[in-house]
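Okay, so chain A shows up in both of these, paired with chain B first and chain C after.
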Partner chain A sequence: MNTGNDQISWIVSWCRAIGLTPSNTPPWLYALLALLCTFCFVVVPSGAFISYLDRKLSADLQARVGPNRAGPGGLFQPFADILKLLQKDTQKQWGWRENFWLSVHTMALYSTLAVLPLGSVALLVDTEMSAFLPFWSALVLGLGTMLLGLSQESVPGWFGGIRVAAQTLAGSFPALVALLCVGIRAGGFRWSVLANSQGFSPWSWAVFANPFLLVAFFIFVMSGLVLLAIAPLDGGLSMSDIHGGVSSHLFGRRLSLFRFGRFYGFFLWSVITVVLFLGAWRLPNGFTHGLLRLEAYSVLAVFELVWLLLKTFTLMLLIVWISRVNTRSRVDQITDFSWKVLSPFSLLALVGASIWAGWRAF
Partner chain B sequence: MKRNSNDFFKTDLTTWEIGPYHGSLPAPMRLKLSLDGEIIASCQIETGFLHRGLEKACELHSWKSVIAYADHLDPEAAVFGELVLCLGVEEIGEIVVPARAQCIRVILAELTRISSHLAYIVRIARAVGSETIIHYVLRDRERILDLFELLTGARFSLNFLRFGGVCADVTDGFIERVLEVCEMIRIRMKEYNDLFTFNHGFLKRSAFVGTLPTSLIRACGMTGPNARASGVNFDVRKETPYMGYDELEFQIPLGQGEGGNIGDVHDRFLLRLREISQSMEILKQVADRVPAGDFISSKVEKDYVVPPGEAYARIESSRGLLGCHVVSDGKEKPSRVQFRPPSLAHLMAVPELVEGIRIEDLPVVLASLDLGVAEADR
Partner chain C sequence: MRFSVFSQLALYIRDVSLGVWSIFESCFTAFPYLFRWGDLRKEVTEGYPDPVSSKTADDLPPRSRGLLFNDIDRCTGCRECERSCPAQCIHIEEEPGADASKIWVSVFDIDFAQCIFCGLCVDVCQPASLIHTRQYEGAAYSLSDLVASFGRGQVTAEQRAKWAALRQLSESDEVTL
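Here is the complex of A and B:
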């Protein structure tokens, strides 16, 4: 596996503890283990943590108590939910089409685990195209969701699928253009390049580098909400007229798979936003260099991960907060907003950011 | 605004049946929709899923028990059903209601109006997917239900009115608490406005959507807040005052089209908020002037039988004109009790109103009409 990153050693050193050494282990096994570790120890706990915080904070905003039965302060509620959903089974027979598209949709989503930028040490794949890979997944995700809806042979599924596809197309253009704005400043689309162009202090973050990048940041966040149909712009998935569209025919395990997939999309987008605009995983330079001199890669990885996730969770909770106090927009309003407002402004930001970068180069 | 893209593209219309139970419907009913893309080309409505044989049941029970049935006419605004029946019977029996009982009735009626309008805000909020306001409004509505419990012992289905007055006198401190709740809701109205009324997202969902033309209102005989939001100035409390409403000072708000058109969803919503304010004005006035005296007419004995005759009473319920035709042949059971629920007219307007709107707006438009299917199906 060409990792483009010779610090993949974190998984190698972990594997040594269970008797796997580079001499007796093929690279693909390392990659697989690294993906599994990322999923089980970062993505799943983040999901549980965010869903708990989301419920508690929303409950606080909405003058109610929120989960308080499972565990102290309702802390185990996410696990109780998952256990309950896993026990349920679907009431109707599933055709091969529905299973096929649900798996396509899920595979597209989790393929991005390989490019999930979780820290300078924990990078698995760091190529020139890294930053574009999540877009590919998001588009396949949109397509998979649409075909999942269409294969359900019901009106909610049909409309839900079409609406999700419309949103995905509308959101991807401004998101891509906003990504270009950051790439122009950083000089590349490797995660490491994008991260290293920023620093620990907020004033060295890309979002505050120039006014055009500030615009690009807002466009990137909002178009991500459109692209992945995340609340408050989740009209494609959650309108009450179609009972939640595509997910209306999903029960039990399939529903938990689908729901967790939607959460992962949200998480992925927030991580990418933090890496592109909000200083990535960068710690104070002296601190990082000190740890590197001591060759304490695992400690560095943990610190970087914690700092990155802290910013990610803050961003996610801000979005949750906004979605809680706002109404749900109609899909045609969302796509209109994306094509008529986000897209022109993203182009403007691109032109501005290019001129700015050119000006600075001279 | 009908679009004819199916003529242009030579495509077929999709048919979609929703109901009788569906998340976007405010109550059990079946809608048969023909869709041109996402635009509703035509709609047929089927109701009756909540038919309980209420009017027939009234004929099978003694006069006194009929009040409990009238109470179930509209579970959300129970007092109005009782009130209109009592007014009808009192007209036949020429019973004079003591002034104190009248005041208690007005307090109950206006509290019910506020509570019903708050429930309306909840339904609209649910339709546009705004969770927070739902919890805020329900929290405040609980305070009104507390008042009902304090006075009558029940939070819903009060069964408190009697021919010639009310079942019991007000308890100590009740009037003060009514005023407290009024003050609380007055403060909370600002919160509702900030969160909802002037929220850009809500305006986008409600302005220019589901505009109810005056012609349709007249054709279907629509009354109440829905009609007033479209500028039809009709309120039974002003037209034919009952229970001393002529001595109270209050205004009848009309739709002004602040968000979009006159008579759109936003106007209907805003009008309910204004009606809540007017109801609070009425409550304050009544609270100041509750006289001492009996709470029920001494003419009405325990086994009171209504003398032969018939009467038609009408009041302004929270949804519109609620009429009741009572016929007595002097026996211990009513000969006929017939209600004229306002929601029936609102339901009749649905097929024409939803033509040309997007299906995503269907839940919002239906919620904005405040359909009381229980009273329409009775």
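Here is the complex of A and C:
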């Protein structure tokens, strides 16, 4: 199988899913369309949905009302927010450095749209390295955020930027090791391989395959929170002594870009966690095969997407729950936790998972 | 050996498990709030203004100091309020009226952006024309909207001349008497 065929194949399957017939239109056009569709019809609505649920849920947990003005039960609050942020303009003059690093940071983030695993049909780039691309992007994101902070020429920017970089470095090691644990069990790092090693029922999910993978699951989730500075482990971005860190100097459109980027990081990490540990998009085998026999690819894609997103949202809301009822940790506590607790346990899980996999192979 | 490797390891594992337990504990503590069980989950913040529970002007204590109001018909233009105001938020302009005993208060502006609602101006007001209302919602979108004007308006040059003449007339009347 050469790379040229690979490139064509995912576009063909994707086109089939949304009912297009691939003709002699240049493949990059389809690729662009695929990325735009993923962003506009999956990522953005998820952002609105989760931000609304996040607010309502945390309001309930903290005995508050939450958004209740825009639309019934405050349902249109995300739209109101985005409209407001897009209208606002900043008084501050932006240097080219800040614009440059903000765009680097944004590009690093959204480059992962291509590897976002959203179902067997809607799988865009599925290579041996696919599972590692989000790490690359998270590292560039951390670097971009740090340099954005350093170019702001303000104390919150400097300290926030350096703290985010410290968190990213601390979180990437255990996350990577936890990913290796799953790869060892599945026998590869393609999304399709990782997903097909699991099944529909929870007992066939990687997380329950053996005790070491259960540990690896918790480590993967927590180190993702550290790596991408997501609440409750977002000390690098939100400590009170730096007034919100890097984002404290962002307004209006730039702030909405930055904040949506933070959400996307959270979403990306949750989707990856579900694909790696929680049974991916796998539906009951009979159901999938029946739909494939009927050639109802779009129906299959929708079912897989819905099932995957359902699990993703549940995971995200669990994290929101934890983050809203616990105090925010200091950044040095977070890096400490990552190096001294997550890393040793991840190595333990890796050794255990390797021995388990080796045992099963004999 | 108190600080042997094993005791250190035991302490480490104890710390980690305590940390994990504390996180779950706080999650469980907050859990009933999600489903509004018992009387715990009464919402302590309310929508504003809530028709049922929010305070209205009638609920305010009797001597509460709301936004100021000046009854310009009773105002003598003595400027006591302007003099007593520590925030210097009252601005008065006046001139003699048609009658020598009356003063025409052309401008009586209170800048609520500067007002500290101390009530000194109300205390010194002899004719009791300046009072605190019970209105307290004074938010505005621009600073100029926060200035309340109670004055009678500027006098035209024509009017001024006419009044001067009238005053002259009444003075001469008095003389003849």
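Note that the second predicted complex is superposed on the first by the 338 of 362 C-alpha atoms of A that agree within 3 Å, B and C clash if a C-alpha of one lies under 4 Å from a C-alpha of the other, contacts with A are read in each partner's own complex, and residues count from 1 in each chain.
FYI, a residue touches a chain if its C-beta (ideal position, glycine included) is under 8 Å from a C-beta of that chain, and two chains touch if they have at least 3 such contacts.
Keep in mind that this is a model prediction, so the values were computed, not measured.
Enquirer: Let me test your reading of the model: by the given contact rule, A:155 touches which partner, first (chain B), second (chain C), both or neither?
Expert: Touch status of A:155: first partner only.
Enquirer: Go through the superposed model and pick first if A:128 touches only chain B, second if only chain C, both, or neither.
Expert: Once the two structures are laid over each other on A, A:128 reaches no partner at all.
Enquirer: Based on the superposed arrangement, let me know which partner A:61 touches: chain B (first), chain C (second), both, or neither?
Expert: both
Enquirer: Mind telling me which of the two, chain B or chain C, contacts the most residues of chain A?
Expert: In the superposed model, B touches more residues of chain A.
Enquirer: Applying the touch criterion given at the start, work out whether A:235 contacts chain B, chain C, both or neither, answering first, second, both or neither.
Expert: In the superposed model, A:235 contacts chain B only, not chain C.
Enquirer: A:295 contacts which: chain B (first), chain C (second), both, neither?
Expert: In the superposition, A:295 touches no partner, neither chain B nor chain C.
Enquirer: Of the two partner chains, chain B (first) and chain C (second), which one does A:325 touch, if any: first, second, both, or neither?
Expert: both
Enquirer: Taking the superposition on A as described, I'd like to know which of chain B and chain C A:336 touches: first, second, both or neither.
Expert: In the superposition, A:336 contacts neither chain B nor chain C.
Enquirer: Looking at chain A, which of its residues have contacts with both chain B and chain C?
Expert: In chain A, residues 61-64, 324-326 are touched by chain B and also by chain C.
Enquirer: Touching residues of chain A toward chain C in the complex: what are they?
Expert: Residue list for chain A touching chain C: 57, 60-65, 68, 321-322, 324-326, 341.
Enquirer: Per the contact definition, I'd like the list of chain C residues that touch chain A in the complex.
Expert: It is residues 16, 19, 22-23, 26-27, 29-30, 33-34, 36, 40-47 of chain C that touch chain A.
Enquirer: Flag every residue of chain B that touches chain A in the complex, lowest number first.
Expert: Of all residues in chain B, those touching chain A are 14, 16, 22-24, 38, 125-132, 134-136, 139, 195, 199, 201-202, 204-205, 358-363.
Enquirer: Could you list, by residue number, the parts of chain A that touch chain B in their complex?
Expert: 58, 61-64, 155, 159, 232, 235, 238-243, 324-333
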